[in-house]
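Naming follows writing order (A, B and C), and every chain is counted from residue 1.
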Amino acid sequence: MPFQTLLITLVALLIFSYFIGHKRSIAVSTLHKGRRNLHSRPHYYGYMVAIWAGLPALLILFLWSAFSASMVTSLTISGLPDSMQLKTHDELGLIINEVKNIIEAGQISNETDLVKRNAAIHYQRLHNISSLAKTVVVLVAALLGLLLSWRMIKPETRARNRVEAVVRWAMIGCASIAVLTTVGIVFSVLFESLHFFQSVPASEFLFGTKWSPQTAIRADQVGGSGSFGAIPLFLGTLLISLIALLIAVPLGLMSAIYLSEYASKRFRAFAKPTLEILAGIPTVVYGFFAALTVAPFLRDVGESMGLSVASESALAAGLVMGIMIIPFVSSLSDDVISAVPQAMRDGAYGMGATQSEAILQVVIPAALPGIVGGVLLAASRAIGETMIVVMAAGLSAKLTINPLEAVTTVTVQIVTLLTGDQEFDSPKTLAAFALGLGLFVITLLLNVLALHIIRKYREEYE
Amino acid sequence: MKTNTTTGDGFNIEINGTVGTPFTDNAKMGSRNCDVFYADKQAIFDINLDIGKHEIIAMIGPSGCGKSTYLRVLNRMNDTIPICRVTGEHTLDDEDIYAKKMDPVLLRARVGMVFQKPNPFPKSIYDNVAYGARLHGLASNRSELDDLVEASLIKAGLFKEVKDDLQKSGTGLSGGQQQRLCIARAIAVDPEVILMDEPTSALDPIATALIEELMDELRQNYTIAIVTHSMQQAARVSQRTAYFHMGKLVEVNATDKVFTNPEHQLTENYITGRFG
Amino acid sequence: MSETTKKIQQGLKKRYAREKRFRFFGLLSILISFTFLLVLLTTISSKGLPAFQQTYIKLDVLLDEDVLGVNKTSEHQALFAANYGKVIKNSLKTMFPNVKGRKQKRALKNLVSKSAAYDLRDEVIKNPDLLGTTRSFWFLAKDDIDMFMKGKIDRNVPEADRRIKDYQLLWIEQLMTEERLEKRFNTVLFSAGDSREPEQAGLKGAVMGSLFTMLVTFFLSFPIAVAAAAYLEEFAPQNNRWVDMIEININNLAAVPSIVFGLLGLAVYISFFGIPRSTPLIGGLVLALMSLPTIIIASRAAIKSVPSSIKEAAVGLGASPIQVLFQHTLPLAMPGILTGTIIGMAQALGETAPLLMIGMVAFVAEVPSGVMDPSTVMPVQIYLWSDSPERAFTERTSAAIMVLLGFLVLMNLFAIMLRKKFERHW
């Protein structure tokens, strides 16, 4: 049975189980002096039976479906003639792909290469076996669960406690998905990165100053001679993020100060949500705007001043990104500034400070740790921002800190390396994962540090 | 506190103006017909009072009776609360402090304030004391500033304890030291009047005694108004005492008289501990 | 007046000037952001609005049975396969008999879109009686003609640098004097999938793709997030290592760059589990992980705000903690949870970067009809169109942005209404 049919069958079985569990509990209870001596209300018995029937079967179904493809593949590979076994991992992958294509096209009998033909037959047989076995095992598990739990129904069975225990575990499972996600991220980038560092030394990646992965994908080359020095990418990322922060931090901070200390209630009620709109606009829109309007504008302005500004300048991308993170900085700073105790302001006013003096000399220094935390979070945001730079920054990995030139960034390269047709195992694709690892580590460190600082700060004024 | 007095709970007694001697000849500061509102709610009702030169006047009364509010009228700290509105005439050396040409910044430099909870800035001890001088440009060079800081700390009785730690953070001091630091910070700008709002309520008896001693010395040069919940403290440090009740000024008299022979029934009720 | 007072007074003017300047800079910062927002929105809408109109050309077409090789009695199959392009070309030829040379002939044929032939075919299949008659039809104009009609091509530019040549200008003028050119509401934009031809490209594929993706995201992230939030708020033991770890992870995931989730999707979902790429299913799976932290954090706040007195009353009546959760806490917290969910969904709807990694950038012309069909989503469609060189695509990109922003505005308004309506003061 295909996946969907099996799933629907299971769901139907589940509903059925609920009803017979429910019914059975009432039946056993009337034998023993009425429903009152049932430990739990009847529907809990229904849930109990449904859980027993459904949960193990569903688990088996999902796990089997998730792993059967890779199992069948590896079994097929081990079924290949001995001479083929010596081939590299990549080549075997190619062969398996071809085999799969043959099967999908329904061309098994027309295939001339005997090895591939046999492999295809083998593959299909294994696949059929797996699929049949899956159906049988899942259905048996469901029926077995149904039967066992049905027989368990007695007035003294603590159905509610059992059901609630399952619910509780399910909730813990859901909460743990956050951890699983992190683990998944770490493993996926780490694993592929390690793979990458087997063909390109880590030292070249970390300290190399030349980035040109494109030369590595000539068809007759595996491994290849592309240069994978990531310094220009990290420098470009840093340059654009710096420009963005130079715009976002002063503007965001000043906006927050004005809104929280000076603005009238009415202005604040209007200005705050308006500012937040900037945070709600999708980044692809900013990217489009940066590439279509801001970059040409900067180029024209530069021209009129006798400067040559690249049409994909770091400045254009950084500027737009800066505007994008203004609301981020301002709302974080707003929180932090309003957490500074009134006593601090009173102290300054009591000494005869003007409002700006109180803010600049007392409130901001007192709020500084929190503000620094916010800026770090903003920096992490800027470093990880993708669409604006993909659309408005270039692809040229230049080693420069001139904001008027075109630079490329880590995220741009990840996107470029991974979009379009790709061989999963070429160094070119793997390089994207190494870059992803770098990105993840840097932003993680920034986040952890920022959250730590902010928490410390909050505790101080609690 | 519940007691068996014939005068009931004391809140039924009428207040018709202020009894005693609210006015003096050598007034440093004065208020006439002072009303204060928080939005629509009136917190102070028609207060008339003079504060004499080089005297310490104590302000006492039950919680919420408007002592802090009145104190903040005197250096226009209420200006920083948007909903607060002050009426009446208020003078400092016969100048109208709510006049258009009176600058609140300048006024607050002349009428300093010490708060209930010590509130040193998160800066070094030195920078805390130097804060006002820097703000107002009082010292023209570093050594002048050093002298000013030292002098203020000496006057506040803190210098001995901190002279080796001037660069340490002011927030790292003990509560009593912090409050003396705040006093040093206030006197560093050489104010004419110092307003103190329960300056010792957060401190232990030893620290309190130190500050009371200090106030007595400061009286030589400054005029001091102190709000306190401790009647003993009022009796120890002040020359005159003003008793507030529900936003009204009930009685002002020489401190001895207030505590031995109060004129108004409400004052007596309060100092004998019948309520408040 | 004392010495000190005098000194202070001297400095006051300067200090107040500084105060004023500082205040001005504060206001200026806000105004800069506002200006940017205004410029952004006006640029996009002024560029995008014309795209909601499209130029159509009226042609008198002789549906010649000989040319088409079919007649009224022909089978559907034959009607379907007939060469309708030919009759359209003939009609153009009769209108402009003096056209010479291959280049000009091709340009003449390209006055109308390639889709004209399909439109004509559909008309004929609907009503075979049209065969043999001459009828007027409105056909979609080619993008260059459309651009010219919208004033995007300047006729004062030298001919060599112009997409529309002089002879084409003459045709257009003739068509205009005969009132055969007309701008109408652009239905194609909303009824068609993507296309390489700008005038035939529509948003429907992307809108449906987004819809399916959002459905997957919602059905995964909503229950998981609510369960996680309920556990962390109501059941999680204090000072438990695993619980601390979960909390730290949620906070950190909220700040992980979105592109990293794309890498996760590529390595785990596609390579490891073999989920087909370019489908709403995989897009939804990736976006669900991304929106989890947002929804969990909002749900926790909502659950926390349910007063404990209500929960205690239920416990007092003998309800178990799980019953209290499902019967009291969650229903009361639901408006807050839903508000957070909508905001998380709005973020997911605008997300682009991770979807590029998992194949949603592929060119897909068909409108998807399920979560397993290859498709793209709105923000990715914007990205794709913005990359296309044709001028007409710039206009359509802006229009697509307007549509996307429209959806986001609707979602946020809904969230605000929800919050207003159910705002409770315990």
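In this text, a contact is a pair of C-beta atoms (placed from the backbone, for glycine too) under 8 Å apart; a residue touches a chain by one contact, two chains touch by 3 or more.
Only a predicted model underlies this, so the values are computations on that prediction, with no experimental measurement involved.
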| item | value |
| --- | --- |
| Topology of the chain contact graph, where touching chains are joined (line, ring, star, complete, other) | complete |
| Chain closest to the middle [Cα centroid of all protein chains] | A |
| Cα-centroid distance, subunit A relative to subunit B, in whole angstrom | 59 |
| Whole-Å gap separating subunit B and subunit C, where each centre is the average of the chain's CA atoms | 64 |
| Subunit A and subunit C, separation of their C-alpha mean positions in angstrom | 21 |
| Touching two or more other chains - residues of subunit B | 105-106, 109, 136, 189 |
| Set of subunit A residues in contact with two or more other chains | 352, 354, 357 |
| Subunit C, residues touching no fewer than two other chains | 8, 15 |
| Subunit A to subunit B touching residues, read off their complex | 341, 343-354, 357, 361-362, 365-366 |
| Complex interface listing, subunit C residues touching subunit B | 2, 4-5, 7-12, 15 |
| In the complex, subunit A residues that touch subunit C | 66, 69-70, 160, 164, 167-168, 170-172, 174-179, 181-182, 184-185, 187-189, 191-192, 250-252, 254-255, 257-259, 261-262, 271, 274-275, 277-278, 280-289, 291-293, 323, 326-327, 352, 354-357, 359-360, 377, 380-381, 383-387, 390-391, 411, 414-415, 418-420, 424, 432-433, 436, 439-440, 443-444, 447-448, 451 |
| Subunit B - residues contacting subunit A, complex | 75, 77, 80, 105-109, 112-113, 115, 117, 119-123, 131-132, 135-136, 182, 185-186, 189 |
| Contacting residues of subunit B [partner subunit C, same complex] | 103, 105-106, 109-110, 136-138, 189-190, 192 |
